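Across the two complexes that follow, chain A remains constant while its partner is chain B and subsequently chain C.
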Partner chain A sequence: MIDGKMKLLISSLIFTFCVLSKGALEKLPLTHILVQLPLLICVGYLLVEDKSQKIGEWYIGGEWNKGGYASLLIAIFTIAFWMLPRSIDAAISSGTMELLKFLTVPLLIGVPLKLGWHRTHPILKGFLKAQAISMLGVAAFIYIHAPIRICNSYLENAQQDLGYGFLYTSIALAVIWSAPLFLSQSAKSFHLQILRG
Partner chain B sequence: MSAFKVNIVIILIGSLILWFTTDGLQALTSEGARRIEITKLKPVMPNITLETMSGAYTKLKSENGYVTVVDFIYTTCPFICQVGGDNFARLQAEINESNLDNKVRIFSISFDPLKDNIEELSYYGKRHNADGKVWAIVRPKIEDLPRLLKAFGVVVIPDEEGGYVHNSAIHIIDQQGRLSSILDSNDVQGAVKTIKRTLQLRRVRQ
Partner chain C sequence: MIKPSHEPHSNLIKFTMLLAGAVLLLMMIIGLLMRAAQGDLIEIDAAIFYQLMTAHGAGMVGAASLTGAAIMWYFVSRYVHLVQEVFVVFLTLFLFGVLFILGSISLGQFGAGWTFLFPLPAISGGAWETGAAAAFIIGLILIGVGFLLMNLEIGRKLISTFDGIGGALAWPVISGKVAPDDAPPPAIVASMATIIFNTIGIVVGAAVLVSSLINLYVPSFEVDALLAKNMIYFFGHVFINATIYMAVVAVYEIIPEYTGKPWKTSRIFAIAWSAILLFVMAVYPHHLLQDTVMPAWALIMGQIVSYLSGIPLLTVTAFSLCVYLRGSNIKWDLASALLVLGVAGWSVGVVPAIIDGMISVNKIMHNTQWVPGHFHIYLLLGEVAMSFGFMAYLIKEAKSSEFQMIDKTAFGVYLAGGIGFTLMFLVSGAMSVPRRWAVHAEEWMLQDRIATAFALLVIVGALIFVARYIIGIATYRRT
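Our next item is the complex of A and B:
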């Protein structure tokens, strides 16, 4: 297993990479949205440890985050904010928004996902995964077929590339998340149990 | 604080932030935001000098209290600007038919003044029947271009075929030189209506 210090190192390496590759990754919406933002989420995800970590006297995974709802909500609202095309446009045209992106994507998406995901009820997890897959599918459709330019900073065919990027990500997530159900031993025995009634 | 209260607070704050960043769920794109902001603020546009397709000079703000209609073009544009040109030809005809030709001016402003010389401008004008009286194809001085585009909120980026991509729209400047509305570039009827309303506002105030 990778220990805490190692994770911190990887996290800061990824963050440094994101800062250095800023210009290159933000040239195209595809790499901006589907490479830089997920990497920044990873930065936050690797930054904190599970439940037992303390900041001063305060447990970061305390009562306030029972069931993981609070941290998931923070992550979902922040994701919603950065899904707005005008937020992405603003991150390119304004330095303040760029800074805000580099801070909020790790700290308000990555960190809360880490704190909340492991205490989330399995049914809610499944629901959120299904949401993510279908939302990416809808976004793919919109970005491929939109008759207008959605971001003023990007070209229309780059916007379509992003749409296909969403589509492939959606398919990949569907496969990755459903494959274990067919492969794992417990799933097999579960199916057998159902068959046996 | 209990988890329940924390969740409610997060939902409230999150919803408020999303509400304000989308202008009350009206503008998800920066183009939408630009249009809403302009109808609210009606910013004064820089009164720069423009060179017309006949080689004369004029100002963006009318000295005779005309309403000014503006779109941004580059004459070598293969697609959007040519369609925009047809829309503006229709707009010019509508203005003449409604006898507004002594109250309204139309400018197609080139954002590529280096390539678009007088010949290119007048060729574009001829191709779309710009009469030079109501509708003129014009270009700014190169040093005025950045603040002009910035004031209008027009973003121009080079595409892969040596041309440009830009947010095209019909911009309407009122008699005081303020940008008062932005419409889709094919919404000629809407533009005529807005022009008439803008002219009426002035009359009522007098």
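Our next item is the complex of A and C:
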């Protein structure tokens, strides 16, 4: 198992990588949306350690986040904001928005996901996964078939590449999330999830 | 042999079946009106005919899926603890979905058929507004979400109880690691397989439904018509097939109560259900055999898998049923008779589908009444018969277990009506009478009129089944 300090180190390294490779990753929407943003989410996700929190029980297991709903809602609304092409455009053209992106994606998506996901009911988890797979398919359709440039900062063919990226991500997530369920070993951990859920 | 260890959610399921029974009757009456209109026995405006056709299609698919879901939930909940509230949420979403669909048809005059095939919902030629098409699509999405939640609840419990999907599909029995006596019961194997393909179908369906919704309001976002058709038919095929795969659970669970011989998960049974899991998803291109722009391999796959699809059904369920019934001294009553009829109807109904699944035949038959002939046998004498059988089973203790004259009459009338009604579709199809036409030529009307008479018989039989069910429930409540 990776301990808290190691997670913090990895988180810092990923964040540094995202900052240093900003220009390269933001050159194309494909790498901007499907590489940089997920990496920033990982940064936040790794920031929170389950047990050794100084803030204490309230933070990890408090009533405020019963069922993980509060933190999941924060994460979902922040994701929704950064899904808007206009937000992505602004992050490129405005330094303030860029800074906001580097702060909000880890802190308002990664951290809440970590805080809420393990408390989320398995049915809701399954629903959110199914939703993610199908809506990535819809996003793929939108980006591939859009008759206009959705982002002013990117070319039309680049946005089509992103569309295909969404499609392949959707397929990959479907496989990654469902394949372990066929194995009995993972079923046991799934059972634990149920007991915890 | 794993035995049932939990009390099923009887009251909730009885209520659900009551709702479904009422919808089935209503939809049958709509079907009767359509056939009568085609036979020029009554006059229905063409626009209204297509609205009725859309309501009939969506309503029947909905009622079949609702009964299938209720049956699966009832029997799975005997083996694992299912959270009843999930079914309540499912039912609520389902009913809201139905409201949206009925509203889109009755208030918005939506009439594009239940398959909502792109681009028809968006290009109505003034027959309906965008809002009506959107309401229809939202209704379908609500129903899909309901099913997704129900599948997740059943799926997670089966996965945790039976050691993964593989365990619930009885793969250890296939590999010989576990003896059939220790295998999950057939109801579990069938439910697990159905949940997997139905969930995949719903996820694909959700994607194409939302894409269609976007296209409705922003037409410049054009859906790739071929991709949309593939996704719609993948979803539609899987969803309607899932109804009967859920309903057959009733046969696996109820028939052994009559024969006294437990229905075991044999190696062949487990292999067959894993094959069904793949076939149901791979066979859908047989709906697109006339789309010449489809890749040749996909169409060939559709034809070959159509042949193969019948094998697990016929060998495993139909053949096994015959074996279980043989020499069992079964005491027939309405429930057992209807369940056996359901398997027979399913087995017979698959034959016209296999024939139409041949590319050379499909070129001629696809848009004829041959196809409704297939799916009406499949549903009317298959899934719906099983559902009525399950309803009779639910109230079995409330009435005498004898196969009373009224039951025999209702069964006979329903069977005769069902055979005659579906046969008229097949005959018309063989004569190249087109399907989905509101107005028929004079030469086609004889079959339409005969079918109308048979439809009336079906309704009389179904009315008695539902009436008996209501009386049975009322008797339960009194005792």
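Heads up, the rule we're going with is that the second predicted complex is superposed on the first by the 175 of 197 C-alpha atoms of A that agree within 3 Å, B and C clash if a C-alpha of one lies under 4 Å from a C-alpha of the other, contacts with A are read in each partner's own complex, and residues count from 1 in each chain.
As a convention for this text, a contact is a pair of C-beta atoms (placed from the backbone, for glycine too) under 8 Å apart; a residue touches a chain by one contact, two chains touch by 3 or more.
In this text the structure is predicted, and so the values were computed from the model without any measurement.
Peer 1: Can A:I142 be said to touch chain B (first), chain C (second), both, or neither?
Peer 2: second
Peer 1: For A:G4, using the defined touch cut-off, is the partner it touches chain B, chain C, both, or neither? Pick first, second, both or neither.
Peer 2: Neither partner.
Peer 1: Between chain B (first) and chain C (second), which, if any, makes contact with A:D89: first, second, both or neither?
Peer 2: first
Peer 1: Looking at the overlay, what does A:S153 touch: chain B (first), chain C (second), both, or neither?
Peer 2: first
Peer 1: Output check: A:I74 vs chain B and chain C. Expected answer is one of first, second, both, neither. What do you get?
Peer 2: In the superposition, A:I74 contacts chain B only.
Peer 1: Report for A:K66: first if it touches chain B alone, second if chain C alone, otherwise both or neither.
Peer 2: Touch status of A:K66: first partner only.
Peer 1: Once the two structures are fitted together, what part of chain A is touched by chain B and by chain C alike?
Peer 2: 148.
Peer 1: Where on chain C does chain A make contact in their complex?
Peer 2: Residues 86, 145, 148-149, 152-153, 155-157, 159-160, 163-167, 199, 202-204, 206-207, 210-211, 214, 220-224.
Peer 1: Quick check: in the complex, which residue numbers of chain A touch chain B?
Peer 2: 63-67, 69-70, 73-74, 76-77, 80-81, 84-87, 89-90, 148-157
Peer 1: Going by the contact rule set out above, which residues of chain B touch chain A in the complex?
Peer 2: Interface residues on the chain B side: 1-3, 6-7, 10-11, 13-15, 17-18, 21-22, 27-33, 155, 157, 159-160, 165, 167.
Peer 1: So in the complex, the part of chain A that touches chain C is made up of which residues?
Peer 2: 122-123, 126-127, 130-131, 133-135, 137-138, 141-142, 145-148, 174, 181-188, 190-191, 194
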